[in-house]
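Pasting a structure below so you can have a look.
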Amino acid sequence: MRPSGRSLDQMRSISIETGVTRYAEGSCLIRVGNTHVLCTASVEDKPPPFLRNSGQGWVTAEYGMLPRATHTRGRREAASGKQSGRTQEIQRLIGRSLRAVVDRQALGERQITVDCDVIQADGGTRCAAITGGWVALRLAMNHLMAKGIVTSDPMMDHVAAISCGIYAGQNVLDLDYDEDSAAGTDGNFVITGRGKLVEVQASAEGAPFAFDDLSALLALAAKGTAELVAAQKAAVEK
Amino acid sequence: MRPSGRSLDQMRSISIETGVTRYAEGSCLIRVGNTHVLCTASVEDKPPPFLRNSGQGWVTAEYGMLPRATHTRGRREAASGKQSGRTQEIQRLIGRSLRAVVDRQALGERQITVDCDVIQADGGTRCAAITGGWVALRLAMNHLMAKGIVTSDPMMDHVAAISCGIYAGQNVLDLDYDEDSAAGTDGNFVITGRGKLVEVQASAEGAPFAFDDLSALLALAAKGTAELVAAQKAAVEK
Amino acid sequence: MRPSGRSLDQMRSISIETGVTRYAEGSCLIRVGNTHVLCTASVEDKPPPFLRNSGQGWVTAEYGMLPRATHTRGRREAASGKQSGRTQEIQRLIGRSLRAVVDRQALGERQITVDCDVIQADGGTRCAAITGGWVALRLAMNHLMAKGIVTSDPMMDHVAAISCGIYAGQNVLDLDYDEDSAAGTDGNFVITGRGKLVEVQASAEGAPFAFDDLSALLALAAKGTAELVAAQKAAVEK
Amino acid sequence: MRPSGRSLDQMRSISIETGVTRYAEGSCLIRVGNTHVLCTASVEDKPPPFLRNSGQGWVTAEYGMLPRATHTRGRREAASGKQSGRTQEIQRLIGRSLRAVVDRQALGERQITVDCDVIQADGGTRCAAITGGWVALRLAMNHLMAKGIVTSDPMMDHVAAISCGIYAGQNVLDLDYDEDSAAGTDGNFVITGRGKLVEVQASAEGAPFAFDDLSALLALAAKGTAELVAAQKAAVEK
Amino acid sequence: MRPSGRSLDQMRSISIETGVTRYAEGSCLIRVGNTHVLCTASVEDKPPPFLRNSGQGWVTAEYGMLPRATHTRGRREAASGKQSGRTQEIQRLIGRSLRAVVDRQALGERQITVDCDVIQADGGTRCAAITGGWVALRLAMNHLMAKGIVTSDPMMDHVAAISCGIYAGQNVLDLDYDEDSAAGTDGNFVITGRGKLVEVQASAEGAPFAFDDLSALLALAAKGTAELVAAQKAAVEK
Amino acid sequence: MRPSGRSLDQMRSISIETGVTRYAEGSCLIRVGNTHVLCTASVEDKPPPFLRNSGQGWVTAEYGMLPRATHTRGRREAASGKQSGRTQEIQRLIGRSLRAVVDRQALGERQITVDCDVIQADGGTRCAAITGGWVALRLAMNHLMAKGIVTSDPMMDHVAAISCGIYAGQNVLDLDYDEDSAAGTDGNFVITGRGKLVEVQASAEGAPFAFDDLSALLALAAKGTAELVAAQKAAVEK
C-alpha cells in the first residue's frame, strides 16, 4: 500500500558514512533511502558574542540544499540573495535539537557549527540532517577530547529525528517524498537516546487530526528514532 | 506559584474588539492579558499566480511587531531590510492554521491576507494572532457573503491557539512573558472548534520532556482553546 | 464645498490619548479625524556613535504604516526588504522637527527613538506623527526628570505640524485624503509653540503656485498648529 | 563677510556646457561655482507601466554623487547596496520639479529619465541638478521634435532652483559648502521662468525662523532663479 | 621540490564518477587530488527570455562551495545574502567555457544549467568545475538525444581546464592549495579537445612575469588538459 | 577595413588631463578615443583591517559607469541594489593591476582607493581605467611624498592596459565598441613600463583560438601599452 512497498512501521535503509571530508573536525554522509545529507561540524575557538565570558559554548546549525537535489532544479539561495523561510525554520530546528543534548558548560567558550547540506532529497531531509548532524557533532567532540581541549564529555545523550504522518488514512513511519507530498498530516519528532522528546511538530496538511492520531504517530516515531540511534552508535564506534 | 497569581489551568483575560479599522473587510483587536494584537483581513479579487484558473482561493498571513511592543525596543524589520527567521516561521504558522478551516473552493479565485501586528507583547503573540486572525477572517467572509460575492460559507470551523508549557516543574496553561522566558518546555497548540488538532509545536528549552508531559499539555490546550472559541463566538455575534 | 463639509480653515477633530502602551517611556495615540498614529518614545542609555563623549544626546524617529492602514492594502515594508523613499523622507522630517525643540546638551548622552506607526491613514499622517511624537517625547522627558536622570528640562518648546493646500482653487487647512489626492498644491508646515517655523515643504502637484498663495497657506498653518499645541498641552497635563 | 567674499545676494558664477556626451538625447555639464553636475536626458520609447494606454508620458530623475566629489571620499552607493534616504529624497525632488513644467499629454507615451551625477560638490548640488536637468530635458525634447516624434512642444516653461539661507544672521543667496554647513536655516526654492513656485523646502538647522525670514529668502531665490533661467536660455540657444 | 612530491609537469590523480545523483539529466563527481566537485546538468524546456523565438538555446553555470570545503569554515553565501565577486567571476568563466563548445542552434530553444558545487577544495576548483561540468553537460546532451528531443549533437568538442603557475621559481602544472597560495604567477587555461584556447587568465600575484613564462605555462596546460580530456572520454564511455 | 579606418596596429587617440577634481589627492580624465574615464585616488590614513600593524599599505579600486555612458541607458547599480558580476570582476582587476607596481611597505599603513567612473563608453573601459588609474595613483603618491608623509617612492613601475582581439579574422589593437561587439576573440593585457606581464585575459567569444593567435595579440599589446606608458609620462610630467 505504500508506494515503496514498505510496511507501515518500516524505516528506509539507513547508512551513515563518517570521515567523508578532509578538513572538518567531524563529518558524515547520512543516507536515509534516497535522501542524502552531508553533515560537517566545524569548531571555532571562541563563542558567539552573547556568550563572551559566560564560561559556556554554543552549537548552531546551517542547512542548505544543492539546486538539483530535487526532481526539478530549485533556485540557488545564494543567487536569490536570501535564505527562504523554510530554510531558516529548518536550521533553527536542527540547532535547537542538537543543543538539547549538549552540556554547554562542558564545551566551554567555543562554538561548533554543524552544516547540513542536502545532496539528494527524497523527503525527510530535516530529520536526516538532525540524525547525521549528531554524528558529525559527536566526532568533533571526540576530536576536542582527544586533543585535551575539552576534558569532560559535553554530549549528554543521542538525539535523532524522524517524520511520521497519515498517508492514505494510515499512520506510517518515515515518509518519503511521494508520501510526504500526499500526506494528510505530517509530523517531525526529535527524540533522545533515552526516549525523551526534544521537539514535536505536527501539522494538518488537509483535515485536522485527532489527539489519538498524535499518540499513534509518537509511538511510530519512538520506534524509528530507536533504530536511528542504533545506526549512530554503529557509525561512531567504527 | 505563577508570577501572575493565576491557577495552573487559568487563562488570562480575553477581549476581542471587532471593527477597529475603517478600511479592512474584517478586523479585530485581540487582547490576551497584556498581549495585544491588531488583526485585519484584506480581500484581493484575484488569487496568487499558482492558483490562476484553479477555481480555488488562498488565505495567507503576515506578522509584525511594533518596535516598542516589548520591554526594550527591538529593531524595526523594515529598517533592517529583512524579516527574521522567527517572523517568517510565525507567519507561515498563522497562514497554515487559518487555511486548515477554510474551504478554498467555496472562497473561489480570490486571496485574503490576514495581517497580525503586535501592538504590545507579553508572551503568546503567535497564538493571539491565530485566534484574532480567525475573527478578522470570519468577518471578511461575512462581508463577501453579504455582498453576494461568495455564496457558500467558506469557513468550515473555528480555529484558536494557545501556548502551554512546563513552568517551575508544573504544566501550566497560557504562558505569559515571565513564564515563557523561564519555561523548561514550551508548546503552541492550534485546535479547531470541534476539538481537532491543526498544529502541535512543542520544544524542550531545557531538559527533554516525557511523552506523558505532552499529553498533559494537550489537555490544558484543549481547555484553553475551548475558552478562546467561546470568545470568538461572542465577538462575531455582536 | 469640502468633501467633509468643514469650513476652509477648520481642523478635523483632534484626540490625543496618552500612556497607551505598557513599556514605552512615553506614548500616545493621536487621532486627527480618521488618521490614527501610535507614537512611542524609547530611551536608550547611550548616544549614537557619532556623539560619544560629546556631552550631547540625540532624538531620532522612525515611521511605518500598517499594511491595511489605507483603502487598499499596501505591501509590508519589512517583507519588501526596504523602506520606501517616502518612508525615509518622512522619518527624517519627524526627527529634524523634534530635534528643533530639544536641548541636546540638557538631554545628555542618551538617545530617544520616537516610533510613529500609522494604524489608520486618512491624509496628514506625517503631520499627526510629528504632533503626537512631541507628546510621546515630552512624556519620556518627564519620565527621565522624575527619575532624576535628567535634571534640566531638555524640551525648549512645543512643535506641531499641519498640512494646508489649494483644493478646488481654495486655500484649505488640514487636508484629508480626499482633498490631498485632488489638491493642486500641498504643503506641510512644522511650527513651534511660540509660532516660529521649523520646516516648510510646499509642492505644486499641478500648476505652480504664487508667492501669495504660500503666504495664505502659512497663515492657515499658524492657526492649525496653535490648536494642535493646545491639544498637546491638554494631553500632557492630564 | 561671506567666506567667498560674495555680497549677500550674489550668485556664484554659472556655466552650462551642452552636448557633453555622445549618446544621450540631451546633456549638459552645469557648474555653479565649484559644484559640477553632469546631466543627461535619456528617451525611452514606452511609458512606465502605470501609464500604459493613458496617452501620457513621464519624466523621472536619478541622482548620484561620485565617491570623491566631496572633501573626503564617501562610500559608493552601488557598493553599499542601496541609495541613501538623502539620495532618494533628492531624486524625487528633481523629478517632481521637472514634471511641473512638462505637458505629459504632448510628450505622449514615452519616458525621459534625467540622470544627474555630481562630479564635484561644493553645496547646492540638488539645485544645480534641477537647473541643469531642465537643460538636458529641453535638448531631448528638441531632439524629439526635430525628428517629428513629438509635434507639440511639451515644455511649458523653464524651471530652476537655488538654495538660500540664514548664515551668520544674514539672509544670503546661493549657499556654498562652507556656508551650508554652518547655516542656521537652509532652504531650496524651485521657481519657474514665469516666477511661480514649484517647490519650497526650508528647514531650521538651528533655531526656528520667523515668517518674515521665509519671505526674505523667497525674494532672494526669485532673484537667483531669474539669473539661472537666463543662463539656461543662453545655453540652449547656442 | 613540490610539497606533494609531484614532478613539475605532473597532474594530480584524476577520477570522474558519473551518474552520482538520481534526478539530474547529467551528473558527475570529479576528483582532482583532494579537490572534489559535484557537477549536475539540469535541462529546462525553455530558453532564457533574451533567446525567445531565436531558435537557439543557452548553457549557463552556477558555482558554490560548501562552507567547510576548506581548511577553515567560510561563510555560507546564502546566509550572507549575496554571492562574492569571486563566485560570480568563476561561474561566468564556467558558463563561457562550456558555451564555447556547444552548437546552440542544435540545442534548440532550451536551457541547461550546470551546477558545480565544491565538496572539498584543495586548489584548482574552477578548473575541476569546467572539466567536470563538461561531463555533466555531455551526459545531459546524451539524454536529450536518446529521448529524441535533440537530433543533431550540440557538443562540438571537449573542453577542459587546468591551472599552471610559477612556484618557487619553477613553472609547474596543476597547482594544489599549498602551491597556489605561495605562487608568484598563477594562470587558468581552458583548452578544447582539439587543442585550441577558449580562455586564458594569468595573473602576477607577486612580480610581473615575462612573455616567455606565459609560453611555458601554456605548454604545460596543453599537456594537462590533454590528460583531462582523456579522463572525460573514459568517464562518458563507461 | 576597421570601422574607424584605423590600421590594424593603430591605437585610438589618447589624452590624459590631470588635476580635474578639486578634492582628490590625485585625479585625471583619460580619453581613449570616445571612451572617457574619470579616475581619482583618495588617500585614507589607515590601512584596511587585515593589515593593521603589518607595516604595509593597500591600494584598491572601484569601478562604475554612469547610466548613460552607453548607447542605451543602463540601470544605475545603486538603484538596482548591487554591483553586477562584470563590475566586480573589473574592479578586482584594476586593483590587482595597480598593486603589482606598488611597494606596499614603502606606502606604509594607509590605503589608497582609486575610483574609475566611466563618463562615456566606446569599448576598452577597463583598460582605460587601469591606465588612467595609474596616473591618479602616481599623483597621489607625489602628494604624499611632497608632504613628507611617505619618504621612499612606493611606485615601482608604470602599468597600462590595452585590449586586442581578432576582428573579421585579423588581429587588431585597441578594440572600440563596434569591433568589440563583433570580435571572435577578445583579450585584455596589463603590461608594465618595463614590458612585463601583470595580467592576461583572453576569451574566445566565438570559435576557440590558436596558441599563435595569442602570441600575435601579445605583440600588439606590447606596442599599445608602450604608447600608453609614454602618454602617462607626458601627463605626470606636466
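Per-chain residue numbering starts at 1, and chain names A, B, C, D, E and F are given in the order in which the chains are listed.
Rule of thumb we're sticking to: contacts are C-beta pairs under 8 Å (C-beta built on N, C-alpha and C of every residue); 3 or more make two chains touch, one makes a residue touch a chain.
Quantities reported herein were computed from a predicted structural model and do not represent experimental measurements.
Here the chain-to-chain distance from subunit C to subunit F, counted in touching steps, is 2.
Matching the C-alpha atoms of subunit A with those of subunit E calls for a turn of 180 degrees, to the nearest 5. Chain geometry summary: the mean Cα position of subunit A and that of subunit B are 28 Å apart. One finds 33 Å separating the Cα centroids of subunit D and subunit F. Centre to centre, using the average C-alpha position, subunit D and subunit E are separated by 51 Å.
Each of the following residues of subunit E touches two or more other chains: 82. One closed ring of touching chains is present, and its order from subunit C going to subunit D first is C, D, F, E, A, B. The touching residues of subunit A, when paired with subunit B in their complex, are 82, 85, 88-89, 91-92, 96, 100-101, 157, 187, 192, 194, 196-204, 207-211, 213-215, 218, 222. For subunit E in complex with subunit A, the touching residues are 21-24, 27, 34, 38, 40, 42, 44, 62, 64, 66-73, 76-79, 81-83, 87, 113, 115, 117, 119-120, 122.
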